[in-house]
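Structure below; questions to follow.
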Amino acid sequence: MIRVQREDFDVGAELKALTQGRHEIGGVVSFVGLVRDMAGDAKIGAMTLEHYPGMTEKQLGEIEAEALRRWPLAGSLIIHRYGRLEPGEQIVLVITASAHREAAFEACHFLIDWLKTKAPFWKLEDTDKGAQWVAAESRDDKAAARWVKK
Amino acid sequence: MIRVQREDFDVGAELKALTQGRHEIGGVVSFVGLVRDMAGDAKIGAMTLEHYPGMTEKQLGEIEAEALRRWPLAGSLIIHRYGRLEPGEQIVLVITASAHREAAFEACHFLIDWLKTKAPFWKLEDTDKGAQWVAAESRDDKAAARWVKK
Amino acid sequence: MKILWFAWLRTRVGSAEESLTPPPDVRDVRGLLAWLKTRSPGHAEALKNLDVVRVAVNQTYVQADHPVAAGDEVAIFPPVTGG
Amino acid sequence: MKILWFAWLRTRVGSAEESLTPPPDVRDVRGLLAWLKTRSPGHAEALKNLDVVRVAVNQTYVQADHPVAAGDEVAIFPPVTGG
């Protein structure tokens, strides 16, 4: 499942909804991304997440479908927020559930790595040194490249 | 932090408590282990988790300390339940928080892998074929062995 | 053709969306970007370094040799930074 | 010396905890297990295959050559299956 929304999300409620009554699930892995208060040596007051409505959902759906092809998942969820967010606020949630923990760990890690390099979101940070668009990081490209099938 | 308890836990509340006001945290990974309703082809009615009070907390503490030595974590939590649990109930929670997601993913995965082979817990399953003690799985030994430093 | 600009490309171009009719010799993404560059100093500045420009046609990532046609939605943006 | 039995070792021995005074020639874990085997058919059955027996002395995992002494808490259990 994919949700792109301005509102915050409740991780506990989402975990419960995904696993409720699904007694074949043995392991659930979740990742929550939070707004940090520092970018290098600049202090962040807030950030604004811009996205591409339509393509964002499409890309996230394709990334999730790829995870479901690669791992035997009993369920998965991606929620990504947009708009203005302050330090400490939740940005993104990825949950994967499977009979065994190995598949859940790998699929969750894959989803956030691919999302970071493929889903059309852009971060504008308000810092004490002015507003700046966040630059893509080469380590994110490397993290995503690990999952490209040889 | 380590907790060994009979009672259930609230993942959302634990996540919030661990990250509240900690604006250097960028990524939080959690693992929840649940009771499954099947063991091979036997249907599970319930399971009872036995442990070794004292040594269990000591072992979990050592495993957590090892994770804190290996990865730059801003916080970590292990909760493991004991006593009688039914299918769908939560058994174990591992949360790791870090500035970057890579450390959080690796440390969380390490903690559950090591916990499975080192923390003194034993599962007795009530199945439709009678009560049976769960046997250790060689795949758990292999998963744990990945983290042994060469 | 609908052109969508995002993030710092949008701020340089000064517009989030343009409805344009490129000349008939613009047949692919490479030709479209070359033509867009000529439209204003802001466009030229935005498209100065194509290494940091990504293009999606009808919401799918494409390469420079991908064809573009009259009814297409063409999005132009920097490398993504969500998550 | 306090001996603690867990899981199916406990059910075979028929007791979770025993307070015992091994003979003076029992100096290490190996010797202790050999002596415990002789105490009852249940003990012998529990300790039949030492490949599936783990030992902790004073709540720390140890090997067969680890010394044991009068005041020790010795726990004997199968491979763990939590998580």
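First chain written, first letter: the chains are A, B, C and D, and each begins at residue 1.
Criterion: a residue touches a chain if its C-beta (ideal position, glycine included) is under 8 Å from a C-beta of that chain, and two chains touch if they have at least 3 such contacts.
Model, not experiment: these values are computed from the prediction.
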> Using direct touches as single steps, what is the fewest number of steps from subunit A over to subunit D?
Replying inline: 2
> So which chain is the furthest away from subunit A, centre to centre on CA atoms?
Replying inline: D
> So what's the Cα centroid distance for subunit A and subunit B, whole Å?
Replying inline: 23
> Approximately how many whole Å separate the CA-defined centres of subunit B and subunit D?
Replying inline: 26
>> For subunit C versus subunit D, what separation do you get between their C-alpha means, in angstrom?
In response: 73
>> If I count partner chains per residue in subunit C, which residues reach a count of at least 2?
In response: none
> Which residues of subunit B are in contact with two or more other chains?
Replying inline: 33, 112
>> On the basis of the stated criterion, which chains touch which? Give every pair.
In response: A-B, A-C, B-D
> For subunit D, which residues count as touching subunit B in their complex?
Replying inline: 4, 6-8, 56, 59-61, 75, 77-83
>> Quick check: in the complex, which residue numbers of subunit A touch subunit C?
In response: 33, 49-52, 54-55, 58, 80, 91-92, 112, 115-124, 133-137, 140
>> For a test of understanding, state which residues of subunit A touch subunit B in their complex under the given definition.
In response: 10-13, 15, 19-38, 87-88, 99, 101-102, 104-105, 108-109, 112, 143
